[in-house]
Amino acid sequence: MSESDKQINIDYVAQLARLELSDDDKAKLSGQLNDILQYFEKLNSVDVEGIEPMAHAHKVDNVWREGDEPSAVFSKDVLKAMAPESREDQVVVPKVVE
Amino acid sequence: MKYEVVIGLEIHVQIKTKTKMFTAAPYQYGAEPNTLTDAVVLGLPGTLPVLNYEAIERCAKLGLMLGCEIAEVCKWDRKNYFYPDSPKNYQLTQNEQPLCIGGSVEIELPGSARNIEGEHRWVQLNRIHLEEDPGKLSHTAFDSLVDFNRAGVPLAEIVTEPDLHSSEEAVAFLNALRNLIIFAGISDCDMEKGQMRCDANVSLRLKGSDVLGTRTEMKNLNSISNVKSSIEYEIKRQAKILDAGESVIQETRRWDAAKNSSFSLRSKEEAHDYRYFPDPDLMPVSMDRNRVQALKDALPERPFDRQRRYQEKYSLPYTITSVLCADIELSDFFESALSLYDSPKAIANYIVNDLLRELSAHSEVGDSALSIKDTKMKAELIAELVEVVESGIISKQIAKEVFSEMFVSGESPKVIIEKKDLSQDNDDSAIESLCLEAIANNPKAVAQFKEGNAKAINALKGPIMKATKGKANPAALDALLQKLIQESE
Amino acid sequence: MSDLFYSDISSLNQGLESKAFSAVELMQSVIDRTDAVEAKINAFVDRDAADALKQAQASDERRAKGESLGAFDGIPVGIKDILAVKGQSLRCASKMLDGYRSPYDATCITKLKEAGAVIWGRLNMDEFAMGSSTENSAFGVTANPWNLDYIPGGSSGGSAAAVSAGEAIVTLGTDTGGSIRQPAAFCGVVGMKPTYGLVSRYGLVAFASSLDQVGPLSRNVKDSALLLEAITGHDPLDSTSLNQPKVSYSSALDQPRKKMTLGVPKEFFQQGIDQEIKEAVEKAIDWYRSEGYAIEEISLPHSELCVPVYYIIATAEASSNLARFDGVRYSHRSKDAENILELFSKSRGEGFGEEVKRRIILGTYVLSSGYYDAYYLRAQKVRSLIRQDFEQAFAKVDAIITPTSPTPAFKLGEKNNDPLAMYLNDIYTISVNLAGLPALSLPVGMTQNNLPIGMQIIGKAFGESDILTVAHDFEINHEYKNMRPTI
């Protein structure tokens, strides 16, 4: 990967993260993040050939719930109380086109 | 057409568990909005998923039913995308290591006529993985409403290879798959209730080419007829583009059933960047081989295997087996009746003709046909009915009346016959006197019969049947009349 | 009775049992103390004295009926604003969650309630636990009780400062990369991050799921041991919670044990370390040697890779964990959103602070198409190497001793504009989270500036008893546990 590939495309990433940033924020963040990414280059100093990636601190297989027995549910008022906007016991959002 | 059509399908099927995939909140179609939620369902801060083993077991069963290999280890990944029906804005799914790998589904292509069996072939699957269903959006003129009841219901996503080549094949595949899933008891696959949903990937290539063409993905196909029409529409649309020497754009399209056309949702450039990564909250599942074997040993018979068995073992015709084996309820009902009275053809005939007729006659207009379990019908009633017909207690004619009666009342044929005094009248002297009376009253018909017009005898039978309320055995009556006419010469 | 707020659990328990004072009196003492110093310290983002007194009253009634629930009955425990308490605000020191109240209890809170503890207030922190100074709180910074111009460390700065200033008997914090240990070191208290999986994460608002753990902060080792044993245990609601036999850490402290072998990783005493800290920790090591502990130099060769590995894994997980704060079901919703895309991006843009945004962007980037293998996957592999370093070290030693932080507490605003410098402050603590091990920070000295110095003791997985014992041995032979800041 070339250096320019590792420059952060802040507009694209902010859009992916659904995060509105001011132009000032973007300029400031780009500089800081590119420094940080530069620092991350340290990782390339080590050979990881054949090393298993570690996703869990202590991996234990087969943790699950058996029995398929229903538990208590929330009253619909719980959601109604916390939702910024609701109608007919549902959460209201701007019209979704897709 | 100079193009070969290449279709791959992705089918989402809701697995019928009592509780959700990662929490013990129950699910039920049609509940009041937002009454089937808990902290996990709503993705509240601090909540964590815990896997429902039942979902794994049922998905593995589905995989085995579809001939998949069950992975030694499957894992959970997060698929990150923002959508208002997605409580965490990531979906727990299996990207890297799905539960079921490969597999194939036997399909029957349309025959040359409805009553002729079509060609069978196997459609290759790529994988089946488990994931969680999002909530449900409904749209008003000015905003959208979100109901999270459905959020977290276990979904099996069945992905085919690009192994289908026409809309008919796609339909045949969906029908076969649906039937397999219902036979296995994994889901009811009611597309109207969203229990089964389909996306279709369609591309065209010049015949003989071994390079796949650019594909488009059709979303939101919520009925089998939508799948058919949208694929046909897309084939025509792409063929027109290619004929004009232009290129198909890789994009996602949405089928609009009302307009009978599709429109572009987003192109590849705008395609999602899902940022998959292994979910740190859930542990991998390593499938116990003994449990997998036990599931395999307990698999139900596949529908086409059952159909072949009916044809071979019971010599039932395709017109009967294709109806019986398209519906597990009918077919199980047939088997129960058969276990009580061994007369496959007669039982199958009553089910496919009389039972289906009564079911549809008693259904509300506009509703789907009644299910047997909604009625008073029982396998032992059909078995007993066939028995009383075959032992000559009632005629087939009377049996029809008895059938209708027992369908409504649930009373046994013997009780109905007794109650209504319908048993076949074998009192020879009474019938003989009725016959002599008929011969005396119909000299013209008798004369015609003697001249060789065999049908003329029917004129004599009518009044006798009327007088016995149909209880006279028609065959015996025929023989008796002929004998008496000859004796009267 | 005036200094009840600075007492330890054992003596408070004796006093409650002997009716020398009531739980209500104890709680009132803590409330009065908090009222007196909070204007200077700002350890709490929310507190409900009436509710706390009600809980204390219930405790007194239980005790009067002879139905005391044990050592914690009536003890005020301060809670970091990242742990869910039913009916209380849960904001993670963020504007994003303004007005949000949790409809359920975190498992550790359930356990504390079952033990009769008084759940006391919401403690300040860096927003969503992202930071090392508590400066990233939307509700103002917390001051270090030892010097009000200095930060208390972070992210559990409120939890550490409250214990240090006598605003709670003990507190719960959370630690993803040092967020309990570093503020404990900066505020001169004991703070412990347990083995990953020992304490349920259910009800802990996730920052980095594979690293986060809940743990105790206290003024002495025994209180941490007591609080830890109150909150441990397998939880079916957390799939990463491990099924371990319950251990009484506090009783282990009083049992005489063989002198253990302590490892000293040479990499942690090289460049970038403050001289006073180096000397204080080396002096502590000398004390252990003089007491008959075997001291072995060890190597943790991949230590310098911990910072990149940590910031890749933690930000990637965070970018996904924090996606649920979108203004739809709960959390801040922008008033200016014209469509659904704007609802998401404006609500999040308005609700999150700068550091959270920085980490979400970084985490989103390292997971994005084309970069996953170079960053996230590679980081996960190096994480395996880091764990292997510890496994090799623990084949030879029982516990590992390091400084907790390369520097003592720094001044407010000192590192605000240099996130990388701030990240490097975590260099000694984050490898422990990456390896999933237990570690605690213990006060072992003071700088000339009168700021506390912390020493970190790292244990094997589930070696909590070992490190608590090692720490306790030092503590009872030194006076640091009785140091109190002048506020």
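Letters A, B and C mark the chains as written, and numbering starts fresh at 1 in each.
Going forward, contacts are C-beta pairs under 8 Å (C-beta built on N, C-alpha and C of every residue); 3 or more make two chains touch, one makes a residue touch a chain.
Model, not experiment: these values are computed from the prediction.
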{"item": "Dominant chain pairing [most C-beta pairs in contact]", "value": "A-C"}
{"item": "Of all other chains, the one whose Cα centre sits farthest from chain B", "value": "C"}
{"item": "Chain nearest the overall Cα centroid", "value": "A"}
{"item": "Chain centre separation in whole Å, for chain C relative to chain B (CA means)", "value": "57"}
{"item": "Distance from the mean Cα position of chain C to that of chain A, given in whole angstrom", "value": "23"}
{"item": "Inter-chain centre distance, chain A versus chain B - centres from mean C-alpha coordinates, in Å", "value": "41"}
{"item": "Residues of chain B engaged with two or more neighbouring chains", "value": "39, 42, 50-51, 82, 84, 144, 146, 148, 273, 275, 280, 282-283"}
{"item": "Of all residues in chain A, the ones touching two or more other chains", "value": "16, 18, 55-56, 60, 63-65, 74, 78-79, 91, 93-96"}
{"item": "Contacts with two or more other chains, residues of chain C listed in rising order", "value": "100, 103, 210, 236, 239-240, 319, 323, 326, 328-330, 340, 343-344, 364, 368"}
{"item": "Of all residues in chain B, those that touch chain C in their complex", "value": "39, 42-51, 78, 80, 82, 84, 87-90, 144, 146, 148, 273, 275-277, 280-283"}
{"item": "List of chain A residues in touch with chain B within their complex", "value": "16, 18, 55-56, 59-74, 76, 78-80, 87-96, 98"}
{"item": "List of chain C residues in touch with chain B within their complex", "value": "83-84, 90, 92, 97, 100, 102-104, 106, 201-206, 208-210, 236-240, 316-317, 319-320, 323-326, 328-330, 340, 343-344, 364, 367-369, 372, 376"}
{"item": "Complex interface listing, chain C residues touching chain A", "value": "100-101, 103, 195-197, 210-211, 236, 239-240, 242, 302, 304-305, 307-309, 311-312, 319, 323, 326-333, 337-346, 348-350, 352, 354, 357-358, 360-362, 364-365, 368, 370-371, 374-375, 377-385, 387, 419-420, 423, 433-436, 461"}
{"item": "Contacting residues of chain B [partner chain A, same complex]", "value": "17-19, 23-26, 32-39, 42, 50-54, 56, 73, 82, 84, 137-140, 142-148, 254, 265, 273, 275, 278, 280, 282-286"}
